Amino acid sequence: MNRIGVFTSGGDAPGMNAAIRAVVRAGIFYNKEIVGIYRGYEGMIEGDFEEMNVRSVANILQRGGTMLKSARSKEFRTPEGRKKAFDQLKKHNIDGLIGIGGDGSFTGMHHLFLEHGMPYICIPGTIDNDIPGTDYTIGYDTATNTAVEAIDKIRDTALSHNRLFFIEVMGRDSGYIAINSGIAGGAVSIIIPEEETSIDELVEKLNKGGKKKKTSSLVIVAEGGKSGSAMEIAQKVKEKSSYFDTKVTILGHLQRGGSPTYFDRVLASKMGVAAVEGLDQGKTDSMVGISHHEIIFNDFEKIMNQPKDIHKDDLRIAKILSI
Amino acid sequence: MNRIGVFTSGGDAPGMNAAIRAVVRAGIFYNKEIVGIYRGYEGMIEGDFEEMNVRSVANILQRGGTMLKSARSKEFRTPEGRKKAFDQLKKHNIDGLIGIGGDGSFTGMHHLFLEHGMPYICIPGTIDNDIPGTDYTIGYDTATNTAVEAIDKIRDTALSHNRLFFIEVMGRDSGYIAINSGIAGGAVSIIIPEEETSIDELVEKLNKGGKKKKTSSLVIVAEGGKSGSAMEIAQKVKEKSSYFDTKVTILGHLQRGGSPTYFDRVLASKMGVAAVEGLDQGKTDSMVGISHHEIIFNDFEKIMNQPKDIHKDDLRIAKILSI
Amino acid sequence: MNRIGVFTSGGDAPGMNAAIRAVVRAGIFYNKEIVGIYRGYEGMIEGDFEEMNVRSVANILQRGGTMLKSARSKEFRTPEGRKKAFDQLKKHNIDGLIGIGGDGSFTGMHHLFLEHGMPYICIPGTIDNDIPGTDYTIGYDTATNTAVEAIDKIRDTALSHNRLFFIEVMGRDSGYIAINSGIAGGAVSIIIPEEETSIDELVEKLNKGGKKKKTSSLVIVAEGGKSGSAMEIAQKVKEKSSYFDTKVTILGHLQRGGSPTYFDRVLASKMGVAAVEGLDQGKTDSMVGISHHEIIFNDFEKIMNQPKDIHKDDLRIAKILSI
Amino acid sequence: MNRIGVFTSGGDAPGMNAAIRAVVRAGIFYNKEIVGIYRGYEGMIEGDFEEMNVRSVANILQRGGTMLKSARSKEFRTPEGRKKAFDQLKKHNIDGLIGIGGDGSFTGMHHLFLEHGMPYICIPGTIDNDIPGTDYTIGYDTATNTAVEAIDKIRDTALSHNRLFFIEVMGRDSGYIAINSGIAGGAVSIIIPEEETSIDELVEKLNKGGKKKKTSSLVIVAEGGKSGSAMEIAQKVKEKSSYFDTKVTILGHLQRGGSPTYFDRVLASKMGVAAVEGLDQGKTDSMVGISHHEIIFNDFEKIMNQPKDIHKDDLRIAKILSI
């Protein structure tokens, strides 16, 4: 392994830059050449490559987003597209890949490995924390804090007006951000994709709170819930309860950006170093993860056949605290 | 003037608590009794009053929202409602009022003054900065910074994906937040209620930028624009240009809350002290304002017959900078 | 167990309020009475107690510091002082204690247990993360982020002036904040209490960086290091190297305060609930901890005879990244 | 005027990058060539120049520090040094200068103008707000907010321990940051360079507060005060009062950095555009300033012979509020 290509793919996540920096610096430490691939698989197919050195990654550790940019590529989903990408990698003498992203990115590299034998290690970077094989993905800690800071601001207004707010946070298939920002934000109820929520029970709980304390209430809704969007749930609650002044806020894309927390920067730094060391030691077709402070590696097949469970006990805690 | 009632009304704004604290502390300094009136005109009608002292306002200087809460009152819009409110004020021996809020709050006190002779001074508290007679209203500085912090986060994502974002900020009839957060956020275009925007020109500008630099663009849209909501404008732009990946984010209520900036805390502190001093000196039916670092007072009639202009030159600057 | 006393002790840490809130709410959920004890052991001896309910802990989840206040008590270190404290607890019918603090707080409760049989559970709250028996203590995540935010600001100035900064962070006997804020802040060197640092090696490294890149460098120093304070180390480096413009910044007490991160709020919430449940299930003389997302309990003796190791691998990562 | 050199000089201030960006973009808008001069007068003498375009200033609007770097130059203080600098400017065909910095930077350009006829406009960039001829200097708004955020954190700890804190903020000859962060931080006393402070009066005030409320107190001290540093004042207070647990925190360099507020970004943007327009219109030997929302220009002589007064009324407000 002499020349490693690094790229980011899928939705951007805070800490991706810290991971890129770690890959480049660890690469130099271990006498590898590192090549940056711009715009994910799209740039890989087009050969949008650049040699990277310490200077390339100066002063990016603290920045949100990804300096290598990210993009979706339909072409890469075809064997022909992947052949083109592989040819570009060969042309540039790249003999190993490190890709930072979610399960789509991982699957892409897995196919490239199966079809063309390109060794790779995936670094899990996504704010949703929905990838098995690691306690945490890069970006999740920052995104949850961003959501909580927004919730804190909305609570100021909710308290000032004795108002009910439905706040929609990210997490299409995963309730991590919702549960943790909900507990941290003092939500009266948390609605997640993994569970069905009864509108009647919600209304009953809200009415109880509303009548007793005549104060504000926050309901946190994960965007991909079975019970509908925050807007739809708010509408249903409104119909069954004339009690509250209800408002809806969708936090949306601002959860993706921002300077990463120390946690995401350190996690990304460790994973970046580990990915370079892993490739160097012959590991491939796997993802680096963190488990109880230890770096681990898991094979593609193992991760993809494993569900990522939410911590059930956290929901129990949330209910006790929302009395 | 021995006993002054203080209340907040209308939408909450960061710094309202600093103003309440200043009224209470200045009141004590000048040997007045200060009575807190909860939930604006609604609480005034219901007699939801509480004596205030240094302890009541401890540790609120840095908090968003309003500890006296705010509410809308239909009843107060009727002469009968106002009579009730006045009777409550008399019953509690209140001989002067300080109300913190926007033009609705101001108008309410004006009617109470006309109909019942209750002396008052209004403190302008609203994030929109849309009240004449003062350079700045309480909350505007904080809200604009909150908008800019959100824009900074969205820019991280926009840059990572070469994407076009439409970001809707508050300001129903006023482009202040939009213009200033737009300049501060490096927006390519700013759409405000005070001006008509041509979608064709916007598309042309965006296409030029898109083709030339192939990078991200942010368009800031004030919520009350003649040209439609951010969602509507984004839709129209999308139809005329297949070039961009477009997204919309509505910042919404999170712009209201949050710990006030130093500017809003100092502004609120000065206005709170000035309102107590003004009432004590016999001023009434007027609003305290700030003009070039100096405290000023303006009569209700003067303020209500005066437009609040945006600074036209700021738009010119925004255009030069968005080349 | 019907009536539980809760208090905070030692240095304050962000998240202590979230823990107090969780104890009170979980107490109510399980039909216990909860009594707040003000000013730690000092207030316990003086009988500075207050019944707590949902209202007492309203809107404190997001606040730094501790609403129950904290204080040092020399008297409690004597058997007589502890007898007084126990008598107060009995007088108020308190039959269980939950104390939030560091090892001093823990030791105090242990003695009260040994001498008077008072059941208790300790919740680890200290920014230093220096208590064994838990992966994380309450406040550490927030304090490290606060340190990193300060480092980010100082880096702006360091970069603008090609300057060398020594930044002293908290951690008298523990390098946790230093190592993690150092990695997250991109420090060229990290000096911790657990390791001897050679000034000569440091100078050599800095000179190399200085000559090669002619740019800024940050050195993070934990306050309690064997190698001296940041000021002393900076002085020694200055003498051996005329190359740099050096500055020292001591972050100091601002690392203690601030609104807790989601992580500290959720950690504190879980630990607060677990402490109530633990006492109810007959657990005592132990500390609640978190280990790989699971709540655990450890006896006093076990924890006090166990060292809290830093993660050695983190130092290795820091060195690879500071090439 | 066809080719304008732009540089930053003196201590860095948040918003300098926004000013550089505005100069470059306005330059392009008006068909000028813009040359960046690195490291202030040092780089000017050495010819450390670079052509600037839209790309050079991409994504810097929101960054603290200065991308053109800053440095002190002893050589430039001599006529020989300035001759060298002027020769470099001529060699690079630069026929106008825009320098961003404090009075040292201004004086430097004034000498270059007198000795060599080089037209220039100064943009006031310094966190101290100590330059006459403008209501605000670039960086002051951000630095004051940074100070207030730190004070808020320290207050959490002060309140938790009933403690007295002395907090030293920047402002060697100017009490602006101290007064405004003091009012915004709820300080019991504010010590500024412009006024003598009696330690006895301070002790009396603190003892009164301490005995009455038994709570925390914050004293804000500007670094350059006649009454000594925060450390010295705290020592004197300690000796005369055994009452308090006192601590000192020196905020130091972290006040310089950080992402600029909207206010500083907009101010810098306006001043940057105005400086280009001013040079183009033949203005020289002057500084751009803002006065009540309007751009103004003042000659060097006028500014240097004018004191920058603090707003006396603000001190009065601070005293009323600290009862």
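We just call them A, B, C and D in the order they show up, numbering each chain from 1.
The rule we apply is simple: contacts are C-beta pairs under 8 Å (C-beta built on N, C-alpha and C of every residue); 3 or more make two chains touch, one makes a residue touch a chain.
Quick caveat: nothing in here was measured; it's all calculated off a predicted structure.
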item: Intersection of the contact lists for chain B and chain D; value: none
item: Interface numbering overlap (same over half, different under half) for chain C and chain D; value: same
item: Most distant chain from chain D, judged by the mean position of its C-alpha atoms; value: A
item: Length of the line joining the C-alpha centres of chain A and chain C, rounded to whole Å; value: 28
item: Distance from the mean Cα position of chain C to that of chain B, given in whole angstrom; value: 39
item: Distance from chain B to chain A - Cα centre to Cα centre, in angstrom; value: 35
item: Residues of chain D touching at least two other chains; value: 152, 155, 159
item: Chain contact topology (line, ring, star, complete or other); value: ring
item: Interchain pairs in contact, sorted by label; value: A-B, A-C, B-D, C-D
item: Chain D contact footprint on chain C (complex, rising order); value: 8, 11-12, 14, 16, 39, 63-66, 69-71, 146, 150, 152-157, 159-162, 165, 247, 249-258
item: List of chain A residues in touch with chain C within their complex; value: 18, 21-22, 25-26, 28-29, 54, 58-59, 61-62, 135, 141, 144-145, 147-148, 152, 155, 159, 180-181, 183-186, 213, 215, 259, 261-263, 265-266, 269-270, 273, 291-293, 295, 311, 313-314, 317, 320-321, 323
